[in-house]
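One chain, chain A, links the two complexes that follow: it is found with chain B in the first and with chain C in the second.
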Partner chain A sequence: MKKQTIGSLKQLRKKENRMGYLFASPWLIGIIVLGAFPILASFYISFTSYDMSSAPQWVGLKNYIILFTNDDVFWKSLWNTIYHVVIAIPLGLIVGIILALLLNNKIKGMSIYRTLFYLPCVVSIVAMSLLWMWLFQPQFGIINEVLSPIYNLFNMEPILWLQSSSTSKITLILMGLWTAGGSMVIYLAQMQDIPTSLYESAEVDGANWIQKTFRITLPLMTPSIFFNFIMGIIGGFQVFTIAYIMTNGGPAQSTYYYAYYMFDKMMSDQAMGMASAMAWILLVIVLIVTMFALRLNNKVVYLGEEG
Partner chain B sequence: MKKVLLMLLVIVASITLFSCGDKESERTEITFWHMSPVGDVSYSSVKQLITDFNDSQELYFVKGVGFSFWDYWDKINVAVASSTAPSIGLSTIDDVVSRAESGVIYNISDLMAADTSGVNTLDLSEFRQSQMDFATYEDDLYAMPFSATTRALFYNLDMFEEMGLTEADVPTTWSELQTIAKMFDVQEEDGTITRIGFDPTYGDTTYHGWLWQAGLDFFDEDLNPTLNTPEHLEVLNWILDFNEDFTRTQLTAFGEANAMLGVNPFTSERVAMIVSNDGLYQTINTSGADINYGVAAIPVPDEDGIHVCWGSGFSLEMYDNGDNTDAEVAGAYEFYKYLLSESVQLKLGESLGWLMSHISAMETYVEGDPILETLLGEVDYAMDKVYVPYAPAWHASDWQTYYTQIMDGDLTPEAGLLAARNHYLQKQENYNTLNE
Partner chain C sequence: MEQTIKKPRFTKRQRTRIKHGILHIVLLLCSVGFMFPFLWMLFTALKTPQELLLGFEQFFPADPQWGNFKEAVTMIPFLLYLKNSLIIVILVVTGTLFSATTTAYAFAKLRWKGKEKWFIIMLATLMIPIQVILIPTYVMYSYIGWLSTRLPLIVPAFFGGGAAFYIFLLRQFFMGVPKELSESAVIDGASHIQIFFKIMLPLSKPALMTVGLFTFMATWNDYFGPLIFLSNPDHWTLAIGLRAFQTRFGGRYDLMMAASILVMLPTLVIFFFAQKSFIEGITFTGIKG
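What follows is the complex of A and B.
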């Protein structure tokens, strides 16, 4: 009787497992076919010379060696990307935090302000890019119109923004701040979680707004700041779309980011092997940077009181 | 579990039943990718041409798929790479050789030799040898020219008249071009340019186009980069100094303004003369711009100038996915011949607004239109860019980096040309390392 019960339970479990796999199969097939296979295929292709029409030819580590030792554009694109990450990520964090602090007040119509600041995040990146191209247009863009008295005062030529290699990178970074509302929402959510008793105690002790911000708010926000920092690094190294739409990587390759060069290696140079090698190098770079960043976790992030 | 299996069975059976009994499915399906997607003005005409072919066939059925010009290239490249290419498609004629070498397109010479039907055979004398040379690999044709493009000087006759000039004053040499162009320059007090006569970097001008007119090129016969000789430098300096009355900042801002406004500087009368391809003729017509203009050959250097311009065209190719049946190949070739026949080429020219490759068809098409007649005449002077395996985009992203820096003054012309040459040499070395 007991054996029968165990046997039927096993059968029931098997049946349940089968049904589970059946219902999960679309997802499982998707991740294997659309995820795992291309990743493994790109790893293999990175060791080949492959022009996408002939069969791939095994070349061993040559793609990697060429990229590191005899490709000036590779280093240039990597430098452009690191420049973007190093400036855009901290700046984005600061602007996001400032916005969150400003919008964490109980004044009338606050939800409208929050919506307005978040709105750019739901705008299509293509539409956003086109809009900012108009704003930054040197001859009739509104930004230069506003700055024209300054240009006249100092008798200087208008800034060319996206059209000059000296200002194009920073212009794209400034434009990216427009979407700081995305991280602001996360900061706001964490701010709302901070117990009001902490502020009340601080007020009793005579703390002013700055002291409360730097001693209570910011330390308790470090988990969300750290989250945005890590996500920013990962996203920053993949920067591509804004340069593709707004500058075509120019002028003079000043906005020719790593992902853009990888795209061109594949589409323009028909060098899929080299492009795949670049993808794997990028993966390793992002992994290393993220690992170092994660080491900061215990040092700068507030994880609650011990004991 | 049984219910689930039963439901799956019903779905599969339904799909199978619904797909039966279609007359079209009894014929061999041929796929044709073109650049007239749904919503495009030429969509109906191209669809009608395909329908006409299908109505005349008992064995074959063509399914046309249209993509926009901008989407087409990624789609066809990926399809060829994954052996899912259409039976017939368009591509760029200058790199046919690379696809022929890879074995992804059919040998058209073989198909012509095997075609004993005598019906609608390909008449090679109706196509330009200069274009067919680009489609030839190891003495065999692997594609046929489908369309032809050219570049010419468009000049605004109303603006000429305003300056007391006539068509007799249309420049034919570089120095004449510079002298006449200066007459049209207008700038505001704050330095904003509102009109210029001409700029050798605007429109469809290219550095290699100017080089060809001076008998120079980017590469030698062995495809080694040769672009920093004193003669190359002279051409580059001519371009750089053409509008020396303006700063590069002014010129960049002016050019950028045209792009942002979405207007063609010629149709909006912001430039008096511009080098453009034959597409500008269609742009002027479709935009309804009311301008009195003419077209002429692009001016050439004063001494030993060569009448030549960069012209290309689409190639018509039959793709070999490795699993095509004989019936599919035969059907595709029938449709291939149909697309290159005189009457269809004429209809395609009328509907697409392109200059097609069929000489007689285009002579009929342009008859009575002096602008089109001149443009067609310029096709005979058109030369395509060479395909460089180690730098397929040598004229675009590779060169533009240095060209922009030279124009912006970030690099001297000498340094820019040397840097560009070194860049090509590095790409050549890397390509050879990978393919040795």
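What follows is the complex of A and C.
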């Protein structure tokens, strides 16, 4: 009798193992055929010269060497992208956190404000790009119209926004703040998970709201801040569509981002080897930055607990 | 000691009132900032080209040009693009729900070899930029002749393509379903397939709703995927159509805003009706991730 149960238990285990693979099989097939294989293939292609019409020709490190030593556009596009990431991500974090802090006050209508702030996040990126092209339009756009008293006061020329290489990058970053509500929702949810007893005991100790914000709220929010930070970095390095629609990478290649250059290498030049090399450089950059951020995460959370 | 304890100028209740008043003013200003672009979009869509040049001078459209919407729809094959968007969205949502639920069930409720490793791999895929797999998949689809079809946008959804987030979300949800429920079903002789369909899926309706909505929004709004993979203009989606509209009638902001409103209207409407499962879903992935 005992033996039989053990035998059937083993059989059950075996069956469960099979069922596990069966249920995971769609994703397992996907991750191998549409994930692992393409990643390895793109690594191989990055060492070849390949235009899709004939077989890939092995060229060793040539693609990488050309990109690093003999391609000004590569560096320009990388610089544009880093500029975008370094400014847009922290700015988005700050605006998202401020909005969440404002809403985290047990006020009436909180969920209505939350909906309104989140709304821009569901808009199609193409529609959003067209809308902001119109808002930033230098002659007839509403933004310059609103600012015209200031222009007049300081006797300034109107800002050209997307049409000047000195302001185009920052204009795209400013537009991105319209979707800060997306991260705000996450911050807000985490803020609302913080036990009120913490604030109450801080109040007993005479803490004001600045102390409460910096000593309790923000330290306890580090998980979601870092989640948004890392996701923002990964997305930021892939910025493409807004420039493709709004500026065509211009003026003077000032918004010609890394992913845009890679897109052109792939779709216009059919330089699949070069484009794959760019993809791998991008992957390495993203991984390094992410690892760095995770390190920082551990440190900051630790400090937060101590403070 | 007694001297230092002064009677406060306002009672606590009054202070909260003042604080909330100021907060409401700040929040209302923010709301105006977030909403004004939408409003201006609508006004622009209803203006004549001459009115567009007047800006604030002609804040409201003098004579709302509802015909702009009709014109925008007829200037591009809008209905064709709408049909294409719907075909792709419906199939992608179906495929994602299928692959994400089955995989999440395997990760949440079944013991199988290598499960933990695969789970880490799944989370790692979130960090990989799409560009890294783009070129080989593009080459692959071109070899099997899929570049002239919609399949590159649809088929991956059935194999968990882009679904790592949703798998994670559903796994968390499934793990919250009490063990007793499935165990008693096992004792009654139910198979895992029966448990999955008869217990798990019916109990997970809110999570399925969230995943479906997210997938809908992401697919409806996707521009990059169709741009790369839809070479046949007969398959273009609304996002691509809107861009084509811009390249052809770039100066006509009245018509472009009308077309943009039509493209984003379904997402806005759905968001309004389903915002609860939306916001819960975001916070769920965001915090627990």
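The definition used in the following text is that the second predicted complex is superposed on the first by the 277 of 307 C-alpha atoms of A that agree within 3 Å, B and C clash if a C-alpha of one lies under 4 Å from a C-alpha of the other, contacts with A are read in each partner's own complex, and residues count from 1 in each chain.
The working rule: contacts are C-beta pairs under 8 Å (C-beta built on N, C-alpha and C of every residue); 3 or more make two chains touch, one makes a residue touch a chain.
Everything numeric here is computed off the predicted structure, so don't read it as measured data.
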**Prompt:** chain B versus chain C on the shared chain A, clash or fit?
**Reply:** clash
**Asked** Once the shared chain is lined up, is A:G35 touching chain B (first), chain C (second), both, or neither of them?
**Response** second
**Asked** Which of the two partners, first being chain B and second being chain C, lies in contact with A:T196: first, second, both, or neither?
**Response** neither
**Item:** Which superposed partner A:L160 touches (first chain B, second chain C, both, neither)
**Value:** first
**Message:** Touch test for A:N298: chain B only (first), chain C only (second), both, or neither?
**Reply:** neither
**Asked** Once the shared chain is lined up, is A:M19 touching chain B (first), chain C (second), both, or neither of them?
**Response** both
**Request:** Considering only touches as defined above, state whether A:T115 meets chain B (first), chain C (second), both or neither.
**Result:** second
**Prompt:** After lining up the shared chain so the two structures overlap, which partner does A:N208 touch, if you call chain B first and chain C second: first, second, both or neither?
**Reply:** neither
**Message:** After the superposition on A, what does A:I66 contact: first (chain B), second (chain C), both or neither?
**Reply:** first
**Request:** Applying the touch criterion given at the start, work out whether A:M262 contacts chain B, chain C, both or neither, answering first, second, both or neither.
**Result:** second
**Request:** Using the touch criterion from the header, give the chain among chain B and chain C with more contacted residues in chain A.
**Result:** C
**Prompt:** Among 56-64, 254-262, 290-298 or 344-352, which stretch of chain B shows C-alpha clashes with chain C in the combined arrangement?
**Reply:** 254-262
**Prompt:** Both chain B and chain C contact which residues of chain A?
**Reply:** 18-19, 22, 52, 134, 137, 140, 267, 272
**Message:** With touch defined as at the start, can you tell me which chain B residues reach chain A in the complex?
**Reply:** 1, 4, 74, 77-78, 80-81, 98-99, 101-104, 191-192, 247, 249, 252-254, 256-257, 260, 391-393, 396-397, 400-401, 404-405, 408, 410, 423, 426-427, 429-430, 433-435
**Residues of chain A touching chain C in the complex** = 13, 16-31, 33-35, 37-39, 41-42, 45, 52, 99, 102-103, 105, 107-109, 113-120, 122-127, 130-132, 134-135, 137, 140, 142, 145-146, 178, 181-182, 185-186, 188-190, 193, 223-224, 227-228, 230-231, 234, 237-238, 240-241, 244-245, 259, 262, 266-267, 272, 275-276, 278-280, 282-283, 286-287, 290
**Asked** Okay, in this complex, where on chain A does chain B touch?
**Response** 15, 18-19, 22, 49, 51-54, 57, 59, 62-63, 66, 70-73, 133-134, 137-140, 157-158, 160, 163-165, 249-253, 256, 264, 267-274
**Item:** Touch list for chain C against partner chain A, complex
**Value:** 19-20, 23-24, 26-27, 30-31, 34-35, 37-38, 40-41, 44, 52-53, 55-56, 98-99, 102-103, 105-107, 110-113, 115, 118, 121-122, 125-140, 142, 156, 158-161, 163, 167, 192-193, 196, 217, 220-221, 223-224, 227-228, 238-239, 242-243, 246, 253, 256-257, 260-261, 263-264, 267-268, 271-272, 275, 279, 282-283, 286-287, 289
